[in-house]
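Shared between the two complexes below is chain A, which has chain B as its partner in the first and chain C in the second.
Right, the complex of A and B next:
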């Protein structure tokens, strides 16, 4: 007993930071957040400081801005999620954190699996409704088995049809038709699952090296997907003071307005901050980004302010499709047709109508947000973009050549390219397993790898989404960038000094000036070369109508950008589908440029974001076909161009 | 009376006693028993509400919660009386889970000793070794140089070797995004920026002298290693929490295995297999992977 207490005190005496410093050393950058430069004319003294006449030798000394993007996943489910368990997930939050930090583990189907390199952070975000092990959910209360649904699932699972049961559970949950007896906050079983989740994050959080966030998913909206991931800035002691907000009445609610109330109360109670990240508007059937009314209530000042307050980010790409843009909404954007899921709602119980799309995709939401800001004073859709997995098997494995699927049955096997993921006979909505995307990750420009620094970067929207690769992308906006700035060897120094980073704001244009942007991308160290960088502009015109335009601003291979701002020639294609290989003989390892908006009107609200496109590479389906020696179904996508989407920079007159 | 000490026998005896007591108190039928909701349970129900809404329930809300609670209690009693809990995969799994949770709690209750942790550290030094650290400068030459790339790189190497280690490289090279120098940087970080091949090559490079060309995913590099520190095995005191976490993860699995091994010895197991021809097809088990 005596030695025990002694040991504990020794442990406590170890300063948390010392360990991190020992391990991470150089990564531990100064903690002060980067000074986000004013939007107006650059301060001469500031520039003087950046370019002193006699620089010291080390160009890195004294700098306080983020120097390396951190990559992670904010949306990973484990066996604690009700549907994940039903699908056969066995891995727990602890396993998920171990895997994300680079350890080799055994997958749910018994296969050894390891990431090509560690991630920097992870949020295990299990569903708040019925959080806990799957058996706990269905078996914890015999009342469930007395219902026809419970009985049916029980028989299905017993009969080896766990995947069917899982789909049905998701459909029932989405339709708000869960049987009585569903576990709720306040019960010991529920509390236990939440405490285990917190414990796992606390055990694997290593400031300076790997950040394990505490979080959960609030899975609201029925079949229409209004889901949000809630992330805590603070530690386990703080998160443990509350239990996750659920969606089923009477304890929970499916209205985001009630989630925001819960978030406000939680911040008060815990003394730490929380934020929410919505995802999969693409299967919300027109409900994710409302512009007129929501839940039977007209959008008002209160709604737009509250949404803007709690939701700084949007998850734009994940396994269930990419939701940046849709060809129907952006007919002039030939890159808009990328990993789309546009056949129906979340569970395929309703088909998609074209007029829903405008309220589902990020770009149209960004545009409508400008209009709402004009009407109501606040832009509710002023979000930065991130990617994440939404994998339900505890494995954030989203590289095309190392894709472990969305669910346990979708882990690598000869069957996964030919089975159906959703097959609703009534509506005709059918989504095949091959349509599941190996996407994506969240990239964050944080000053150091800690919960606090990453959270703060998320709040100031200094983030971008990638569909899997880890390219480094810089995007700065200001009034005085000149072409010479693109030749500088420290573009970030110039960027922060003369402008604002992604997620920032430009206001009241100086007389006669147009916004200029310094944009740069460096390919993934082990990935494919880059095809091009584009800037996507959205604005509200004189008539009050929203507009958009895509500009190619830096292209590889000496191609010409025409007067209309486009490079029409494609980059080419080196993919050998049969052997699942490609060559970096086309494209460029890095692209950098300064771009000036050629059609700027200082009276019109606008946003600008960068889209970075890789050269074509084999999709996961090509690796599967090669490794398992199987023939893909006709129509299977085998090649893709991976990409990154930055948070926008907004201009407000 | 050695058999009396067997846990299974004790268990059966306790069960038998409970059965008799239960029978004396009114039989196994579900109906007719009193359901008493104690003040403590009322508090727990109210607390559950408060945890979600961050305010106490009003009288009406509390009543609704308590009604639900009573219904649940009735349902549980009736369902158990009907035997719905028996031979039920889901409930069996839940029991197994609770059993393993309880066992795990027991394992974790015994903190590992210093000797155990030291032994773990000695057995798996690679899990805890601090990374090698490098200080370096590099001049990058990109693939846009095409066929000239190799020659250009060789010329750059000669030029830098002639100029010496202290030459100013800030205007040299093609990349504007790759760092021209890294100071005291962990090997993993070097690999993260330039790739494994590059980092691996620099581990062997002679310090203080321009070398190359070194290949990376970005092209070729002429590099000088300004300093290198080997990885070290830290003392237990410096990495104790990490060793403990690693050790416990392993011990949990070993302890579970050992526990089942021990328990298995008490159960004669007979598996009666069907002959091959009549065996059920195995492919239906997609959702229930073997572990």
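Right, the complex of A and C next:
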């Protein structure tokens, strides 16, 4: 009964042409399939709100499903982060929000800087350990100066001994030997820093126009990155009831399990929700996505349930590399070799071994998650994907032609293409500044630009990652999409009516049916054309082994997709590296198709996500070479194909 | 840290490359990133440091003349590219220089600038007054000491009258 009324309310919202197609699809469903057709859909009340029963002439009136992707950064550091401050960042959370809202400001190195267009949301995510220490110390905060060590460092810096003070501060922090009175949760100085962070978000949060989230980064794992960004759904009054969780004992912990406990307690105390977003598995040296044990404890039902509960998203691309896939793990994926950081751990103190990669990259985690679900009943790696910056200079400037680097010293200068970012003589791990990526942004399909709507979209994983461009990407899965659905100019109407959006679930396949996917992408309004849309499928086969396959499902330029699901011909390349330009004379401004899984086995768990790839464009290094008139070092990557990764849609038998 | 100890010191770096781009300062190709242990790297660095040291000594000489026997607060110059510190101290009317200093001494006036600026000053391409106006030189200390030192530098590098 419930299924029937839901379907009726959905169909009522469809325009005439689409309605016919949709009706045809519904009528074709056998009874048993009907009962399953809404798997993963929201409840009746929500759906009826989304699809009102009495449509008028305007197809847009009364439409309450997400209609525009909102772009933002959930991972930006300012001078309130201890390391950012030590690198020379002076921009504050307020500066970061002003910049993200589209204001022109002066960078840490004195350069005027502005985004091509404002962002829609931002999370200032300063490190919880040592939060606000540098601005407080240098500003002569009475609470900090009341401590003997704080006074000593202050006097040293003011007296010209800044380098000595910096070394002392960093050594003290790294060794967990901060003096008594150092700002830690519970101290007045720490409280002040957190309150300033909250105040900045409150001041620049403007519902309907710009969302300033309250958040922080929990920076655990030492050299083996286990970092998470924590985002609050609520307001300053709620977030102000707690202080961030840190990593250093006795107050903090480096075990994510303890972070999740803190999150549960925080929700209890504040009455609002929080979520955590892990990032940079690529420098965790095999620790980010465990499958057997973690922190000496075997993975159990509690672990997988708790991780799935608190971590609906994963930051798959950022300045320290893109971690969707790796050529070693995906040798048949010619697009897997993209902006990789795979030489070692976070600080280069340990090299990378090939057998670590499986537990670092998103695609392999998604695959292993299916197996863990079979074993333990819950998939801990059922995450949507986003991109963000992890910039440590207060500037979410991730466009290739407007890249302001990861840290203050990496802001534009003639030297930044030739310096080393990590250079560990002992291990041989060396990462050059030119390897830092101008990536990425988080795209969220929210119903409006508010904290609540964006947060809720994140929770339901209706998100995608971009490496910088603001392309619009839709991805729906269902059992009844037909090729005609790709001819409709409103794919979302069809998509929500006949299926589930990115991040959703398909369950219990109707007899004889294979999942179908409606996928559409529209180029960035001021960006490059599109090369292709791919669907990446991962599954567990009958032997219990994980498998993956990449399908080209929509390609530009009339290229042929072969029987094996691949378009062999490349899109071409118009990039003029010397002049850092390209032409939209190849590729397509939009691509849309309906794709049906040709090798579906209803007994096997699977996931599907879309990867949208742009035509080749100049990388930030090409703009630098042109603008500064410099010659890049041999091996410098000068051209890239930007991309987007949607959250998967999962199929569960 | 320099950006905190000496607020906006990193702006000098930007001012330098902008001045190079606009032709105010001569352009210099950045030194390629080489293995710091390699012979080539060491050789290039030693040549660069030697040239810079010679120019800083020239600066000392000009200050010595402009000093005209008057006392002057001690100061330290940091070249922000190589992070090279050099201290200057007047004693008995003479300006002395301590190259490769570990940093400024307590109460030193601190001047933040970079190698191309020192080179341009030495070659008479630019005056200190112009360099200061373009953000190529930033001076930190008590206002009284900053004023005194700035006046000395202006005298030392003022264009020759014919």
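Rule of thumb we're sticking to: the second predicted complex is superposed on the first by the 548 of 653 C-alpha atoms of A that agree within 3 Å, B and C clash if a C-alpha of one lies under 4 Å from a C-alpha of the other, contacts with A are read in each partner's own complex, and residues count from 1 in each chain.
Just so it is clear, a contact is a pair of C-beta atoms (placed from the backbone, for glycine too) under 8 Å apart; a residue touches a chain by one contact, two chains touch by 3 or more.
Computed from a predicted structure; not experimentally measured.
By the document's definition of touching, of the two partners only chain C reaches A:432; chain B does not. Once the two complexes are overlaid on the shared chain, A:589 sits against chain B while remaining clear of chain C. Put simply, more of the residues of chain A are touched by B, taking chain B and chain C as the two choices.
Legend: residue contacts after superposition of the two complexes on their common chain; A:110 is shown touching both chain B and chain C. Of the two partner chains placed by superposition, chain B and chain C are both touched by A:88.
Applying the stated contact rule after C-alpha superposition, one finds that A:527 touches chain B and leaves chain C untouched. In the superposition on chain A, A:269 makes contact with chain B only, while chain C stays out of contact range.
Legend: residue contacts after superposition of the two complexes on their common chain; A:628 is shown touching chain C, with no touch to chain B. By the document's definition of touching, of the two partners only chain C reaches A:414; chain B does not. In the superposition on chain A, A:555 makes contact with neither chain B nor chain C.
Applying the stated touch rule to the two superposed structures, the overlap between the chain B and chain C interfaces on chain A comprises residues 86, 88, 90, 108-110, 138, 157-163, 165-166, 408-409, 415. Looking at the complex, you find that chain A touches chain C at residues 85-86, 88-90, 107-111, 134, 138, 157-166, 408-409, 411, 413-415, 417-420, 423, 425, 432, 628-631, 633. Per the touch definition, chain C reaches chain A in the complex via residues 1-8, 10-15, 17, 20-21, 27, 29-33, 36-37, 76, 81, 103-108, 110, 135.
Across the interface of their complex, chain B is touched by residues 3-4, 7, 10-11, 14, 19, 22-27, 58-60, 68, 86-88, 90, 94, 98, 108-110, 117-118, 133, 135-136, 138-143, 145-146, 154, 157-163, 165-166, 180-181, 184-187, 203-204, 242-243, 245-246, 250-252, 262, 265-266, 268-269, 408-409, 415, 472, 474, 486-489, 491, 520-527, 584, 588-590, 592 of chain A. Those residues of chain B lying in contact with chain A across their complex are 44-45, 47-49, 51-55, 61, 64-65, 71-72, 75-76, 79-80, 84-85, 88-91, 93-94, 97, 111, 113-114, 130-131, 133, 142-144, 170, 175-186, 188-189, 191-196, 216-219, 234, 237-242, 245, 249, 284-291.
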